[in-house]
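Common to both upcoming complexes is chain A, partnered first by chain B, then by chain C.
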Partner chain A sequence: MGSLISQIQAVVAMNLRSLPQRIWMSLATLFAVAIVVAVLLAFLSMANGFQQTVKNTGSESLAVILRAGSQAELNSVITRDQVNLLSEAPGIVRGDKGPKVSAELYVTVDGIKRSSQTEVNLPLRGISESGISLREGFTIIEGRMFEPGKNEIVVGSSVLREFSGFELGNSLRFGKTTWTVVGVFEAGASVFASELWTDVRTLQSQFNRGSSAQVIRVALQQPGDIGAITEYIDKEPRLNMDVKTEAEYYQEQAKAMSDMIFFLGWPLAIAMALGALAGALNTMYNSVAQRAVEIATLRAIGFRGVSAFLGTLVESLVLAFIGGLLGTLAAFLLFDGISASTLGGSFTQIVFSFELSSDAFVQGITLAMIIGLVGGFFPALKASRVPVMVAFSVDP
Partner chain B sequence: MSQKQLFELNNVNKSFTKGKEEITIFNGLNMSIKEGEFLAIMGPSGSGKTTLLNLLGGVDRPTAGDILFRGSPINNLSEGQLSKWRAEHIGFIFQFYNLMPMLNAARNVELPLLLKKLSRSQRRNSVDTALKLVGLEARAGHQPSELSGGQQQRVAIARAIVSDPTFLLCDEPTGDLDRATAVEILEILQLLNREFGKTIVMVTHDPAAAEYASRCLHLDKGEFIEKDLAA
Partner chain C sequence: MTDTYLVLKNLTRNKLRLVLNCFAILIAFLLFGALGSLQHAFTAGIELSADNRLIVVNKINFTQPLPIAYVNKVRAIDGISKVTHANWFGAYYQDARRPMVGLAVDGDSYLDIYDNILLSDGGREAWLKERQGVIVGERMAHMHGWKVGDRIPISSNIFSQADGSTVWDMVISDIFRDKEPSADTNFLLFHYKYFIETQTFGKDWVGWMILTTEDSSLNERVAKAIDTNFANSSTETDTSTEKAFNRSFLEQVGSIGLIITSVIFAAFFTILLIVGNSMALSIRERTREIAVLKTIGFAAPRIFGMVLAESISLALIGGLLGLGVAVMLINGASSNPQLQSMLPNLIVPPSILIQALGYMLALGLITGIFPALRAMRLNTIDALNRG
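Our next item is the complex of A and B:
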């Protein structure tokens, strides 16, 4: 079968070398595939980046405790008494200053998104010193920490970047109260970088929340093990609460959003892929028509139909593959690492970066190759069936 | 010269359906072609010359009747068998040369050899020999677009003979060329017939071209009127 392989090699090479004769149509197909892949990768990297950000937020060694059924921090209410009761629970780390428990308040305030100048909700978290000590990645990178009792806030680095008016020293009005930005903090890639933080007692008094909190974070003796606390809450009638590890909590918050990005992205990419497929089919049928005499001549000489089939198919696959690579490159240059913000699970903004994964790359190239395969298959079939008689057709 | 029959056509019918209409080109055509002859087929446009060539080349099939090649029918071979048969026995020469525009002369000539189990150096030797025979060894590296019509047809002839086929089928090989260039081509064909024993069937509407053949058949309305040119 050595001769069949050399026939196919020769025909494939001829097809590819004749590409410049169809340069514009071929380029159009190539770009159509590139755009489809770039759009798909944009969505996939968005979903991935969002997931990464949220994944980095959750710690296995912290538990998040909310009022039963409230699902998100924003919807929960916890009283002072409940906080005190919970501090007695087993399974919580106890240090020199007592149990590592942080009762936090979580409210939303207005912000203006730099890119679109639209008004969005930003989370303002009231937190105590012990709450800050629970956050491992926390550092002040500019200015200083807020002082308890003063209307001072520190802002996450993502907030500073994505929303206007939060520069160091600025005064801000939230409702009837005025606040000053005294510092900027970083918290790894986590969602906390999209938050504003202040002293919990100050926030309670300024927002008329009395002594109530919305969420309790506790340090777990055994990372990931919430069994003891859950059991304690179940047995204590005054406590009606849900316990999750912090990692689990943010995973759940993120899932709905990344699912939406994913399920919006794929259908859009597929709709566009159908357009690119129509273009590829058109280009390849054109290629076959243009090469009909050449194909027939080769058939007259004795070349097999399968070589015409494969030559056409490979041409289509090569176009699609280059398009796919181009789309990947474009996505990489345009989207990778750029940051975006979107509504998190609790209707506040979460700032995250687009992150291209190797998985997304494989999916993009696969989609391109499917376009190339289907777009090449039917024209290739036609190529293999060009009547040999065409070689003798009178028109040159 | 051997007088064995290369081709025998017995009661060949050929008709095309064009829409609802059926056009009959041949109705009970009989002919034979001897090994080693140079046969010219003449006739007005539309008389069926190309159709006959297609039938002889196993490129098209008769509607009825038999086409015998060295005594065995080719009209019932499968497509794959016909491809193989063509590769082994026929060199085609076309009016418009039908070279692959993206391959240089040597690569074009090499094409039929890709169907055979030959080493690269064997292929190169055969290509060199064929190009030398048509006087184009100096143009081996040229693209078809860099060659004149006559030179392109010579490359096409080299391609037709490179795998040493039994016979050549030429459809108006000089139809696109001026007189002087046509003569060069015809002299090459005559050489191939006389010195190398290739059987040649050449379709032409040019009486001057037909004079290079050893026999000439006139096709008119699907029938032959025979004239012997070999004096």
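Our next item is the complex of A and C:
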């Protein structure tokens, strides 16, 4: 047994040391694998980054209430009376200042995307003090909070990064009204960081919305439990509303986009991996053909077929592994952390960062190793079956 | 023995290698065909928009309304031939999770501007007469199995009526086609009057205006005149060509074009590496043969041509197969109703086919040129000695 292992070691070493003889073919395979892995990781990190941002937004302890059928904050309309009725619903946390309910307004304004210099939709959210107290991760990192009754805006940190014109102290014109950016806020890596916030009453009057709101957020007594509120709404004919936990709401909003990225990314990577596999097979068959005399000679002096098999397989796996690492490194350097934005469910921009997860890393290397394994297996089989006679032929 | 015969023999001498190379090229052109069509589907709306059509929206954002009085004010501006307006209805049919495109429009003027919308004989008059009338695109009607005369309840995810209901009763007056067969007809149009009188958001406002200029050379001047006219008013406007508007709308989703181009580039580069090397190898393997051919009188340019013919044939075989698979894939996908509603223009356009042919020739040339040069310049004596 010991001799078989040393045989295998010897053959593997021979294979690897002879790599420079096939340098161009080997490099081609290596780069092909690297590119496939990099493309896969680009899509996975995009899907992951987008999903993380949206996941960080939704809380289980808040419920989002919208007009029935409206699907997104942007579409919904809720009257003052309905807000008052809903505040009476059971299952809502009641503090010193009454039930923890936040009626919010959500309008769309134009911003300029830095990367493309095109106009994009940004959400301007009208919110009250009680609404802000519902958001756990909210902190002002620069400047100060807006004052109720004044045309003042605080902007999310992602807005500042991705869109131009929202720097602290800037004046913004929306129609005939002028607003001042007085602060920058951080809200975790969440969708809120892609929003502009202002006082809800001011927004209602400046955008002629009367006393109407678009979305109601309430703090739930039991996180995740919206049963009591749903029941209350069903019994009250004046309320025609959909209730979801905030976590559920944002998951639904993000589903279409992250599904699309995911389902586009994997088929693409698999198709490209098949192309790279063809390259790997080519390379390894060539390697076997080139070393046919060598392999046959080893067989003639007593080496076993399995050592030839493993020698070829390991060569292929090593090439694929280096390719996979290279691809991962390239993806990490090129994509990880880059900021991008896309349209979310409410028809406004959501800023997110590409995020390479350890999962994606494992998947990338796995894909590379599969290419190496399949690409090496069949040529290795051929290598193990090279007839001993070949060693004695004059012209291979 | 003709050259064609020799090229064929060379191509098929290592069948396994031929299959592998063809497969790699197939993958590259499959990706090109499929992704190229996808990109085309995303941008098709832009290409179909007319040159002299302008869109006027609220300067704050296009989701904010405009006063209806603006329609007549704009009509008075020089250089404009027709003006109409539209409101986004946020329509859906039964299932709120499947929104559809529905616009409340002023029928007569809208059809004047969008003359690509083709109604049946008498369809226009029938629609204009019917207060609750709606005209539905062929594709949408087909998807839901609707016929002329059907009464359909269309819900809005934005608006409600005075009694709190969010469902509007409509009667299908006609089903329309588009002049351009590949254009999207997955939308419905109904009367602004019916909409504005029944919804509760307040009267006298429109979503946006569409106008045609007398000539596309006037576009810029007219756009400026409109925006200046409403500057410093309570509602300022932002006017752009329909093309620019559609393009920037698409940009909001992200740089789809850039992503697709990068993936295609990566795929081609990979295949170039693989096939190029393999081609070089097979010529190196044949060094002695080529020397023999030269010795028996094959001129250098002829050898050069034979090698190039081999690499180009390889690219064409793999490429055409890949393109064929792409066409089948796209045709299969575009008959899926869900995909169809998302990407109505999903077809393999002729421009993609022509580009693909060009890239096949280029791939064959690039992978073949160096081996061919090498073969052409081969020193016969050296090559024979080396063997």
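As a convention for this text, the second predicted complex is superposed on the first by the 388 of 396 C-alpha atoms of A that agree within 3 Å, B and C clash if a C-alpha of one lies under 4 Å from a C-alpha of the other, contacts with A are read in each partner's own complex, and residues count from 1 in each chain.
Keep in mind that, in the parts below, contacts are C-beta pairs under 8 Å (C-beta built on N, C-alpha and C of every residue); 3 or more make two chains touch, one makes a residue touch a chain.
Note that this is a predicted model, so its numbers are computed, not measured.
**Student:** Return the chain, chain B or chain C, that is in touch with more residues of chain A.
**Tutor:** Residues of chain A touched, chain B against chain C: more for C.
**Student:** Quick check for you: in the superposed arrangement, does A:K235 touch first (chain B), second (chain C), both or neither?
**Tutor:** Neither chain B nor chain C is touched by A:K235.
**Student:** Does the superposition put A:A68 against chain B (first), chain C (second), both, or neither?
**Tutor:** Second partner only.
**Student:** Can A:D110 be said to touch chain B (first), chain C (second), both, or neither?
**Tutor:** The second partner, chain C, only.
**Student:** Looking at the overlay, does A:S18 come into contact with chain B only (first), chain C only (second), both, or neither?
**Tutor:** The answer is first: A:S18 touches chain B but not chain C.
**Student:** Touching A:K97 in the superposition: chain B (first), chain C (second), both, neither?
**Tutor:** neither
**Student:** Touch test for A:G279: chain B only (first), chain C only (second), both, or neither?
**Tutor:** A:G279 contacts chain C only, not chain B.
**Student:** Between chain B (first) and chain C (second), which, if any, makes contact with A:T297: first, second, both or neither?
**Tutor:** A:T297 sits against chain B, while chain C stays out of touch.
**Student:** When the two structures are overlaid on chain A, which partner does A:K176 contact: first (chain B), second (chain C), both, or neither?
**Tutor:** Only chain C is touched by A:K176; chain B is not.
**Student:** Contact residues on chain A for chain C in the complex?
**Tutor:** That would be residues 24-25, 28-29, 31-32, 35-36, 38-39, 67-72, 74-75, 77, 107-110, 113, 115-116, 118-121, 174-176, 207, 240, 268, 271-272, 274-276, 278-279, 281-282, 285-286, 340-343, 347, 349 of chain A.
**Student:** Applying the document's contact rule, which stretches of chain B touch chain A when the two form their complex?
**Tutor:** Per the stated touch rule, the residues are 50, 53-54, 57, 59-60, 79-80, 83-84, 86-88, 90, 92, 94-96, 98, 100-103, 111-112, 114-117, 159, 171, 176.
**Student:** Provide the residue numbers of chain A that touch chain B in the complex, in ascending order.
**Tutor:** So the residues of chain A in touch with chain B come to 2-3, 6-7, 10, 14, 17-18, 21, 293-294, 297-305, 388-389, 391-392, 394, 396.
**Student:** Note which residues of chain C are touching chain A in the complex, please.
**Tutor:** Residues in contact with chain A: 16-17, 20-21, 23-24, 27-28, 30-31, 58-61, 63-64, 90, 92, 96-97, 99, 155, 157-158, 160, 164, 166, 201, 232-236, 238, 247-248, 251-255, 263, 266-267, 269-271, 273-274, 276-278, 280-281.
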